[in-house]
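Labels for the chains are A, B, C and D, by order of writing; each one numbers its residues from 1.
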Amino acid sequence: MKYARPLPAYLTTRYRGWKATTYAEDKAWYRRLAEDGQHPRAMVISCCDSRVHVTSIFGADQGEFFIHRNIANLVPPYSPDGKNHGTSATIEYAVGTLKVAHLIVLGHSGCGGVEGCYHMCSGNAPELEDSSSFVGRWMDILRPGFELLPKGDEAMRKRALEKASVVISLENLMSFPFVKQAVEDGVLSLHGLWNDIGEGGLEAYSPDTQGFVAV
Amino acid sequence: MKYARPLPAYLTTRYRGWKATTYAEDKAWYRRLAEDGQHPRAMVISCCDSRVHVTSIFGADQGEFFIHRNIANLVPPYSPDGKNHGTSATIEYAVGTLKVAHLIVLGHSGCGGVEGCYHMCSGNAPELEDSSSFVGRWMDILRPGFELLPKGDEAMRKRALEKASVVISLENLMSFPFVKQAVEDGVLSLHGLWNDIGEGGLEAYSPDTQGFVAV
Amino acid sequence: MKYARPLPAYLTTRYRGWKATTYAEDKAWYRRLAEDGQHPRAMVISCCDSRVHVTSIFGADQGEFFIHRNIANLVPPYSPDGKNHGTSATIEYAVGTLKVAHLIVLGHSGCGGVEGCYHMCSGNAPELEDSSSFVGRWMDILRPGFELLPKGDEAMRKRALEKASVVISLENLMSFPFVKQAVEDGVLSLHGLWNDIGEGGLEAYSPDTQGFVAV
Amino acid sequence: MKYARPLPAYLTTRYRGWKATTYAEDKAWYRRLAEDGQHPRAMVISCCDSRVHVTSIFGADQGEFFIHRNIANLVPPYSPDGKNHGTSATIEYAVGTLKVAHLIVLGHSGCGGVEGCYHMCSGNAPELEDSSSFVGRWMDILRPGFELLPKGDEAMRKRALEKASVVISLENLMSFPFVKQAVEDGVLSLHGLWNDIGEGGLEAYSPDTQGFVAV
């Protein structure tokens, strides 16, 4: 693999600082983690967006959250066709092997993937409709959410679509037989969240109101 | 979506603490992030494993790394077939839209996905060979790495396979035309890393030795 | 400009080494910086002193900090009189155009400018009182700090004056209408630091105690 | 000063890493620097731009360069009027007190201050002509450079103005009697440089050709 390059110097420097402080001060825990393996209490499905740090928001230590991150925190419907399904594999591993108790889908404000979907579904991003567009085909998962958007101004509708990405993912999660079984057995609970980055807000999906309410 | 449940109390408590401290003290930065959008300098592809915190190792603040996490930090080969490809979508977005300068694949010790692959390829995990096994089909990406493992004891061979997951992902990245073009144009550089969780170690792939060396 | 001379050989040599290593290894990032322009997260006002390297202390890469350096890290009071005000221009650009989220004033131990001010205000440096002394007139900004020094030995009083240079600069920053507005709008936060060079110490100004505490 | 805020957590973390590695490994040198005071070999006047790290380009250790950074690396003409002149104070201190042997003015590509000057002088940035614009009044120093620009396309003319900011600063330096005296006594040499950020290039002003040539 001749294309690999050395790590940028500032990352090497910062790593050395981490090793000498955070790691050194907590070596016992890192060793325990290595020997015992992981026993996370929850799985989180969040966006790749660089502004979303679920471990920061929830003060999480190494070992607490099994975290899958993809564009727009989406879960595709169950489709066991023998192909590579990265997201489905993470869910199968978390529920079937790790037996996490919680599965949290975390959306956020200003999501670029959701915005792309919005423009694609509005007919304003033909390049995303191309069959070779990985982002476009991935955002197809959210297309049903666009159809159900309330009328109103664009900013409101985009925000509603961000929240729809959470609800649709929760619904698709229930299409996985092993998720449905675990939920019905009472050994797994699902949670939908949406993070307002600028205001530090957190809203949770409530089945009662079928809407999001501040945590 | 009637199955969603309220957030566990300990997470609500921690979130409220974060909002009153970390967020409150750094509100200006969160608002800037919300208004300006993200300008991450690097994309990181790491494992979902709860013990791997790339932002901690590299002292990264919100906004620095666009992070995709999947089982065993794998990148599948380029395959524009119009289907949902979550990992490929993240790469397309990071390279094409965000124009990150660095793309880092980060493997780690004790990877459960890699171990599953090892047992599957050794004939000891028939359940993973099933066409309906999402984990098995996802780990197929790493199968070529198993064929090339050196002889030796199991622990050594598993570790070699963890590192192969990094190298194969780097090779598959180069099969994406837009990644190859960006690398050749000198606007994107690829990096392969492997983190020893228990020892806090970090090794980087070196094309010169075709092996990993301590950072 | 006939007085310019060739660069000393040792600097040419070092530059060529940097180009062949640091730059070559990180070319993608330099190109990204050139194409995208800068998006620094913070502005730092520090002293010109050759011993103060804020990028080193904070593991900062190119692009992270917009840095103004002057004698004794001073900010003069707001004075829009149509004259050249280099420091005021940097603040206007950072807050108004770059919209940085943090503005950090960084003082340090053994500051020669502060020491000059101390002697000037003590009546022991008449040459600095001369109207043609640029250093003296610049250090006039810190004069109010001298008046408020506690009684005690000289070393303690000089150190207190170094810290006063940070606090007075923060106060003068608030005299700029656009700084005050941004702070009150919650999109800019101010921070005061003092670096002990010999001990590698870092202290932060705390409004609660109106003093400096170790970070 | 009630507006000061705690340091963002990521900076505290990085500082602690620096203290435990870079500082700890080189403590003797930091203590020597603190006890002996600074003896820099050169003064550098560079831009505040976050992408310009003169210590990186020249592999400089703590203690080597006395660094003044302002918008567009400008030196105003000598003007001993008893007012605060931050840049003039830095020059007086470096030449008169520290007795540096070299004085380097370092310009760079993509300079936002120079671009603002270009637009202001072209009549396209009336807000910068306002007497209360600190950036505009600071960039007045470069105005004579605009008048002498060659005809041609805008990109070429902006680059020429960036280089003019170096030459005009060198000329203004010679208007300071103590600079002129030191140069003529052969104890100070002046150098003009321009850094191409994206390409890692460095060009030096040559009095022979009255132009810039690659180092």
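General remarks:
Rule of thumb we're sticking to: a residue touches a chain if its C-beta (ideal position, glycine included) is under 8 Å from a C-beta of that chain, and two chains touch if they have at least 3 such contacts.
In this text, all values refer to a predicted model and were calculated from it rather than measured experimentally.
Superposing the C-alpha atoms of subunit A onto those of subunit C requires a rotation of 115 degrees, given to the nearest 5. At the interface between subunit C and subunit D, two copies of one sequence, more than half of the residue numbers in use appear on both sides, so the contact is built from largely the same positions. The mean-CA centres of subunit A and subunit C are about 41 angstrom from one another, to the nearest whole unit. Averaged C-alpha coordinates give centres for subunit A and subunit B that are 14 Å from one another. Each chain gets one centre point, the mean of its Cα atoms, and the points for subunit A and subunit D are 45 Å apart.
Touching of two or more other chains is recorded for residues 5-6, 8, 13-14, 16-18, 22, 24 of subunit A. Subunit D contributes residues 1-8, 11-12, 14-19, 22-24, 27, 30-31, 33-35, 37-38, 40, 43, 48-53, 55-59, 62-71, 74, 76, 80-94, 96-97, 102, 104, 109-110, 112-113, 131-135, 137-141, 167, 170-171, 174, 183, 189-193, 196-200, 202, 204-207, 210, 215 to its touches with subunit C in the complex.
Residues of subunit A touching subunit D in their complex: 13-14, 16-18, 20-22, 24.
Across the complex, subunit B meets subunit C through its residues 25-29, 31-32, 35-36, 39, 41, 59, 61, 63, 99-102, 182, 186-189. The touching residues of subunit D, counted against subunit B in their complex, run 5-6, 8-10, 13-14, 17. If you check the complex, the residues on subunit B that touch subunit D are 22, 25-26, 29, 59-61.
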